[in-house]
Every structure is written in structure tokens, then in C-alpha cells.
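For clarity, chains are labelled A, B and C in written order, and residue numbers in each chain start from 1.
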Amino acid sequence: MNGGVILNWLASTPDFAVPYALAALGLILSERAGVLSLGAEGLMLVGALAGIGAQIAIGQPAVSLALAMLAAATVSVLFAVMVIWLRVNQVIAGLALVFFCQGLTALVGSLAGWTNHATEGIGAMGLWPLSLLPGVGRLFEQNAMVWLTLPLFGAVAWFFARTATGLRLRAVGENPQAADAAGIRVPAWRFAAVLAGSALVGLAGAYISVVSTKLWIAGMTGGRGWIAVGLVIFARWSPWKALVGALLFGCIEALIPQLAAAGVQLPQYFVMMTPYAVTLGVMVWVALSRRGADEEPGALGQAYVREERR
Amino acid sequence: MPNALELTGIRKSFDGFAALTDAHFAARWGEVHALLGENGAGKSSLMNIAAGLYAPEAGQLLVDDNAVRFAGPRDAARQRIGMVHQHFKLVRPFTVAQNILLTAPPSAEFRSHGERLRDIARDIRNKASALGFDIDPMRRVDTLSIAEQQRVEILKVLLAGARILILDEPTAVLTDQEAARLLQTVQGLARGGAAVVLVTHKMADVKTYADRVTVMRGGRTVATLRPQDASVAELVKLTVGEAVAASAFRPAPSARGAVRLSVRGLRTPASPEGRRVLDGVDLVLHAGEIYGLAGVGGNGQGELAGAILGLPGEAVEGEIRLEGQGDLKTMAASARRGLGIAAIPADRYGLALAGGLSVAENYAIGRVHTGRYGPVWRLRRGRIQADTQEAVRAFDVQGVRSVAQKAALLSGGNAQKLVLAREFGKSPALVLAHSPSRGLDVRASAEVHARLRAARDGGAAVLLISEDLDEVLQLADRVGVMTRGRIAGEFAQPADRQAIGQAMVDHG
Amino acid sequence: MAEAALAPDTARGAAPHRAQPLARRRYALEIRQHMAWRWQALILAAALAAGFAISAAILVAAGVPADELANEFVTQTFLDGQNFRAVLFQAAPMILVGLAGSLAFRARFWNLGLEGQMIWGAIGATAVSIWQLGPEPLRLPLMFAAAIGCGLLWVLGPAWLKLRLGVNEIISTLMLNYMAANFLLHLVYGAWKDPKDSFPYSPQFRVFERLPELGAGIGSAILLAGIVALLAWWLVGVSRAGLYLRFVDANPRVAHANGVPVRRTIYGAVLLSGAMAGLAGFAVAAGQEGRLTQAFYQGYGFSGILIAFLARNNPLAATVVALLVAALFVTGRSLQVFYQVPFSMVQLIQAIIVVCVASSDFFIRHRLRRVGTETAP
């Protein structure tokens, strides 16, 4: 295993990490407001499909990505109405959303003939002057979306830590009774959080189809949405920890093709199991360490009714 | 002098239960006005209406003699009304400043978030020192003691501009010194012109700090007077009412038997502030007697009951010995049920009955493990139905059209009778009754009491935990007073009511 | 008006002067204690009707003529002999996963790992065939036992993790799904690949390793499913464990306080659920396909959840719903053949129905009440 392979591996990691990172960020937005969003897998598919569709029709990656975000946010309105207004159990609503999106995207994708239709992606951008370094410089030649992810994380982290709006959103997720008593309209804020979070999750899906693989296949997210849900728990709802977790999963996924290229003989399908096994391991570790409970948004997963009690 | 806050003719019910039937209240500027009554008298409901959280079905609300209607707590805040609830509405992971920022009125000019927090922190420090205490605005709320959190709540409403302050049972969770400090502080606020409403059941506080007191009982206002003009005894009488013309105390037919239950040194872990919910409870219960545990709620009664029954909760140390069975703490709850312990918990639908299941199922679960209703592979539904119907008849459970109907449909009294039917069907050796007549009318209460007496006469040991002093005095052969997690005193019957009331008041 | 009704928390504030009459009513959202069965059924029927209407609209938009829809779904599916046999064929594993879902959900355990357990059931049965365990007459029963055992073991991990460590079973069962799917590919592309041709499946089962036909072209898998349904009904409705399970489902705290052995009950229900799902895998492998294939399990996971949800976890209702879902699958296939509608339409229809029914629960569980002062000054 020489330096070249390691360099290849590290250079390809960000590409694999970005979908996890963006999806986790979107989930953090909605979960910090108290809404458990299990529909991430479905929303990523919607973003992926919309992104490819837009790319085939228009051909401008930036526009396609933006439209993908819009599409995911629109579909998430259904979910938001179900859990915030109709107080449907958030687990059922999330599962229903996933299967709805899976069916819808498969249907639209095949009817519109977008399956396996290759498109152009976006080019790599070097981070000058680091990209000029010999050897290691390759690590800093990543596409624009990778570079964009970092300030995005910074923006969300700053939003939560240092703005009054972020404070209000966190209050809604921690103690909706207190927020309500303070005059904050809990349903409206949750709605906004779900839509904004879903847009990010859609972007994650669109990244996979528009930037990474440059085509659409039904079900192409392959469980990444579910892994992102576990990732958020592992990251204890903190954006920066989620980024670290995303990088970890990106490393694991990036390793798979590198091992094959390096001629290491491992059973192919066992290697493909790794992300899922790692997720499971991560969940067990979180449960064992038990520290995650403190950072969990106090009212996560509970519908809010200003119920009049005696 | 105009009234700062006035409520007249208020009526309010919840899902059929009438919490307020004809309530009046009026507080003036510059006074401390106590709202006095037992638990369930309607005090908190009335003040929740004043704070805009509930909307009344009938009646009127006036602020400064102007009629108002509130659609939510924000409207009340705009009328300068601020309420400090029993369960604080604070976001625990946030700092003090962040919590107060949530309710602070927006500033006139643009300030960045960091600047606003600094402004708020400065206001907090100023206000706190003006009131005579010390709060670090940068501390997280979950690191503060209960007393400190309460001060944050008070600062919150004051900094939001409240001139009418409502405090709901503020001293319930405070030590004596903390309570004294708090009440002196609010007295100072009243002298400064604010109107302070003190919702409480503690006579001592009323006598010491209130300028006027309104007494509520059973959802209506009973009297408004100056506490200086009345003795504690008279206040007690107004609050608790004349003794119900029903049963007077009837002693047991035979002398009590051997020790049935012995509790020693029951203790829960200490909280960070050093308080323990159970602080060394020692209790001895004999067969054929009713031990009445009196005391204000929140002093550890629920935890004591939970420890004896084996419900999930904090780990307790100490000993709980049942005659002939050894230490109960070593047994799981499911094992304890087979030992002849009957439980009548306070939280009917949280611990005794599954509302979504039928009356018959709720009845059957009591004895199904004995095999009475068939072997493991077959439930004998016919027998369950017959037994349930018989029990419903014997215990006079009303409103049961069919034993297959859901238990949640039963009214409070009938649900309680169903629980009794199930529990007493097992001929128990130990009966643990926690607030058994809560929410029941006089007739239902009398029936429940008769059952408890019958169990005692049959040789069971009965532990009666109740906040209703009347109930305790009517039933108990011995009376214990529980405050602050331990038994503060025991009295034999016939007991001196005033002495017991005093014991509760002194420590609670 | 609708806005005020659905989002009462955002009711506008009243002006602080004179009380305003009609225009400023405040609504409160209350949790309803109970709703009579006939109203619940009515709301459920309305939700189903809405779901089917939306699905029909989408089908028409996808190119299926409207009048043909009724023909296809009702007449062709139930009245045509061959199609009806296909429905029964399809119904056997459907009933089993529906029962598996119902049982686990009754214990408040979200067993989303039905597909993974199916896969392992099929793998277990195939292992017996490939390794030729046991004499010929015992082969099929051994496959049956292996399927149940493997399905059960594959859910044991998540069950223990939840009850002992509190690990969320949604994620754990789903992750195991993906792992099982990959392991299946590993087997059918690798060690167990049929050497006769280049397709990813195991060698065909021998005659005595397949579920026999009952005559008239109906497989015995449906009989198996029917027996399991009866057993499930017996467990839930007749045995003592059924009562315990009902208490655990209604209120675990009350169950515990009343002496129900909560842990044992949950373990029992969940492990049985896994066993049934494993059996579904056996039914498909030994009943339909006759070998281990790479994608036989697809669609059953969500179908199981859907069936359990619509049947409100009742075993007999689940059997009926499973038949209908099987009919939906068969219809979906013929729509695919005759009208080129992709099979993913079936999944979409299922999801639409779940959304409609779940949303309609709002009206069953809540009540809107008007509150406000009656006297005006």
C-alpha cells in the first residue's frame, strides 16, 4: 500500500463525504426544531432525480442543484403538514415519505426516460496555493460543491450559536411549552425548519447524481439517508461533529474502490457492507457511552399540542 | 382604588370535568393578594386564564378596569401580566440571558445578537441586585438550583415589563429560608406599586406576607378577607370546609395484628443541591389497621408508593419487608403482584388502568397469572366476562353498558371503583391506596372508604396516602405526617386536627 | 376559517379593548378520548377512498384509460382463474410479512428488517438444500426449520440492542437489511451460484425440496400462510400472551405495574415476527422461485408495514389486507405488461394509501373545540 494509493484515497474522500455531510446538516436543522425526520432517504432521491432532470433539460449544474433543493423542499411540505398540523406519528410519516419518494422517483425517472442518461458534471477547482504543493496538492483539487460545503456548515453552526433566530429555533426543539409561552409560534417555526432542512437533504441527493455519478438510477442513494439519520445521533446534533462523522463515512466508502484498484482481494459484497456495519457499530457505541442523551433536543419527535390540562 | 386585575363569573371545564364553576378574584395595585385553596380547588386554572393560557367558557377579565380578551400568553404579556408557573418554562440548556432574551421585548434600534445578549445581561444584573439577589446571566439554567431557576423566571417576567405578577405555588419546592427570601422580595415588589398574586395552600405564608386573601374551594370563590382579621383555624375551616357530614372515624373491630410491612431508612440519591426525595422513611404497618399518611403533595409520597410497589424509578436504599416474604426490593414488580399487594395508585390511567383496553381486560389482568382465567394457551373469556360483570355489580361501577367497552370511557369515580374491584378481588394482605378519592364525589368517596375499612376489618394492612386531611382523619387508625421525604410525626386517633395541620404547615 | 381550525396555536390576538364577538373565536385542539367504532370505520373508508382516487388519477395520467382501471383491478384479478391463482401465489409471503409486521408492532417494536429476515430465511432453507442435510422426506421440514431459525436470529440482535441498550431499532433493523442484501449477492454471485448458466441464482431445488402443489395449480404456500395466520390469531386473541401483549401495546407502564412480564412479552413477539418473516422467505424460495435469487424480497418490507398499519395489527384483518395487496401486485404486473406502467407505481400507490390513512387518524384522535367568553360587556 504505497503513498500513491493513500493519496488517491484521501483525495477521493471528500466526494464521498459531501452527501453524508449535507444530509446530516439538513437533518440537524429539522431535528433541532424538534421534528424527527426519517424521510431523508426519500428526500435525497427526490433531490437526485430533480437534479438530473434539470441537468438533462437545462445543463447548468448550479441551476440544477438549486432546483433539486426546491423539489425536495416541496415534497417535504407533505411531511410537514402530516407531522406538524395533523400530528401524525413522526416515525410512520417518515417511513411513508421514504416509500412515497422511492415510488415517485422510480416512476418519474422511468417515464421521463432519465435512467442512465449521462450528463456533464462540474469541474474541479484547486484551492490555491495549497493545490500547487507537489503530491499533496491533489488533495486540494476538489469540485466547487466540496468547497461550498465548508462555509455552509459554518453558516448553520453560526446560525445556531450566534443568532437570535437560531436561539428561537432551538427553544422550539428543546421546550416547545416554554417557546410557546414566550410567544414563539411553534408550528410555523417547525415548518420552516423542516423545509429548510429538507432542501439541504435534497441537495445531498442531487450531489450524488449531478456531481458524483452524473446519472440517475432508481434507488441510487442506497441507504445513505438512513446512515445520515444515525450520523446525526452520533454527532449529538452538532454540525461540526456531523462533518467529522461524514468524513469518516466518506473515508470508508472511498476506501472500497481503492482497495480493489490496489489489488487487495476482499469479498466484494462484504466490503460493500462496511458503511452499514459501521453505522450499526456507531449506534451501539452511542448507546453505550450514553452521553448523547443530554444533547438530544428535549422535545424531539413529540408533536406539540397546547393541550389544556387540568 | 382601581383593581389591577379582576376576574368575574369565570367558568371553565376540561373534557367534561368542571374545574371552575363561579370564580371571582380581584387584586389591587400595590398589594400582595393570596389565592388560597386545597389542591384541585381551581386556583391554578383561574390564574392560567388570567395569564392567557386557557380561555374561559363564561365570565369576564378586566385589567385596570378595562375588559380584555386574551388569545394567548402574548396578549397577557402585552397587558403587563406575567406568571411564574409551578413547572418552570425555561429552556434548560440555555443560559439565563438566552432564556430571558426569548421573552424580552424587541429593542427599538438594530442591535446584533451579541450586543443584545450583553444588554440583557446588564439588565439582568441590575434588576437582580435591585431585588437583592445575585444571578450570573451566563450560567446555564440546568446548572442552577431550583430556587435560582425560580428567580430567573421572576426576572424574566419583570424584564418583560410585568406589573401584575402571578406566582403559582412558588414555595412548594423551596426550603424555608429560600421561601422567606422569595416572599420578602415579592413583598418589596408590591410596595413598589406592582400587583402580586400569590397562589398557595400554605396558611403560614398567607398570614405573614399577604395583604388580602381570597379563598377558593371546589371551583368557586368562597371568601375574600384580610388575613390579619382571621385566625389560622378560621382560614383552615374556609379552605377545607366543614367536615363532610359523612362518616366519622370508626375504630377497628379488633386490635391490630402482627407487623405486616416494615419500611426502614428508605432513601433516594441526593440531587446536586443536596435534596433527597426520600430522606430516610421509617414506617411500620400492622395487619388490621389503616395507617394514614397525611401531607402536602410533592413531599415524597409518590416515590414511597412506587418503591413499595417496585415501579421503575430511582434506585432506593433501605429496607422494605413484607411479612413472611423478606425484602421486597429484591423482587421485580411482576413478582410482587403475586404476594397479595393491592395497589390503588394516584395516577389512574398512568399506572392502574390501560384506557385503551376494555373494562374486562383491565379487570382480568389482576388475577390472570393465577390461572383462574384459563391456562396459558387459552383465556377463558366467558369466565372473565362473568367475573367482571359480577365485580361491576358488587362494586357499583356505573356507566358500563358492556364490559367490552374501553376503560377510558369511565368517569373518574367509576374508574376508581373498577380498580378497587380488581384489587380487592384478590383478598390482599397489604393495600396501598394513594389519593383514592381524588376527583370523586362524596358518594363515591364514601364507597371507597367503606371498601378500605372492610379490607382492614378483614385483616389487611392498609397504607393510605392522601393530601385530603378529612379523608385521613375519617379512616386512619394512626396518622403520620410526611414532609420533605420523611415521616415528621405520628399521631394516634382520635387525633388533634390542628396539631396535624400545624405539623404539615410547619415543615411544608 | 380552516386555518384557524387547523393551527389554533396561531390564532390572532384579540384587541385589548372591547370583547369581539363572532370573528375572533378561539379554537382549542383537544385530544379525544374515544370515538365510536362506526365513525372510525367511516373515516378509514373515506381515507382509503381518497387514496384510491389519487392513485387512479395518477394511473390515468400515466396512460391507463380510466374505464380499464376498474376492469383490470376487479374483474381481471379476482374473476380470472389464472390471475386469481397468481394472487394466491403472491398472497402467501404477503400474509406472512403482514403478520410479522403486526406482531412486532404490537410490542411497539418497529421491525423494519422484514426483508433482511426474509433473505436469511431463504438463505437458511437454501443452505439445507445445498448441503443436502437430512434424508429426503425430512429435507423440506428441515428447510422450514432453518428458515424460521435464521429469520429469528437475524432480529435477535436488534431486539437485544433495544431492550438492553436502548439502541433505536429502526436504524438497526434497516442496516441489517442492507447487510443481508449484500450477503445474498455474495452468495448468488459467488459460492452458491448455479454453474449451469451465468445468472445470479442458486441451483434449482430438487423436487422434494419444493413446496408441493395442492391441486388446481394452487401452491401449498398459501395453506402454510393460512395456518400461520390462524396461529397468530390464536396467540393474539386466545392465549394469555395475547392479553399481555395488548397491555404492553396500550401502556407499558401500566402493564409493568400490573405484573405483566414486559420484557419476555416483547422478546417473544419480536422473535416470532422474525421467524414469520424468515418463513416468508422460505415460501418464496421453496414455493415460488424454486431457488435462491437475488431480488425476490423486494417490495415485501414496506408491504408488511403497510398491511400491519392498515389492519391495525389484527392478524385476521392482516390476512385480508394482504390478499388485497397481493392483488395490487398482480394488477401492477399486468399494468406493466399491457400499459407499460412501471412497477414502482405499485409502491407509490401503497405509500399514498398510508399517507391518507395516517392523516385521517388526526380526526379520530383529536377534536376541535371552540372556546371563548360568552358574555360581552
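Criterion: a residue touches a chain if its C-beta (ideal position, glycine included) is under 8 Å from a C-beta of that chain, and two chains touch if they have at least 3 such contacts.
Since the model is a prediction, treat every value here as computed from it, not as a measurement.
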| field | Chain whose Cα centroid lies at the greatest distance from that of subunit A | value | B
| note | Ranking A-B and B-C by C-beta pairs in contact puts on top B-C
| query | Approximately how many whole Å separate the CA-defined centres of subunit A and subunit C? | reply | 27
| query | CA centre of subunit B versus CA centre of subunit C: separation in Å? | reply | 44
| Multi-partner residues of subunit B (each touching 2 or more other chains) | 54, 72, 74
| field | Junction residues of subunit A - those touching two or more other chains | value | 180, 306, 308
| said: Using the touch definition from the top, which residues of subunit C touch two or more other chains? | reply: 9, 28, 30
| said: Which stretch or stretches of subunit C touch subunit A in the complex? | reply: 6-10, 28-31, 62, 110, 112, 161, 165-168, 170-172, 174-176, 178-179, 182-183, 185-186, 189-190, 302, 305, 309, 342, 344-352, 354-355, 358-359, 361-362, 365-366
| What residues on subunit A touch subunit B, complex-wise? | 162-164, 167-168, 170-171, 174-175, 177-184, 294, 298, 306, 308-310
| task | Write out the stretch or stretches of subunit B touching subunit C in their complex. | result | 9, 15, 54-61, 63, 66-72, 74-75, 78-79, 309, 311-312, 333-334, 336-338, 343, 345, 349-357, 361, 364-366, 368-369, 373-379, 406, 408-409
| note | The subunit C residues in contact with subunit B across the complex are 9, 11-14, 16-20, 24, 26, 28, 30, 33-34, 238-243, 246-247, 250-251, 253-261, 371-375, 377
| request: Under the touch definition given earlier, write down the residues of subunit B that touch subunit A in their complex. | output: 14, 17, 19, 45, 53-54, 72-74, 77, 89-94, 98-99, 101-103, 113-114, 116
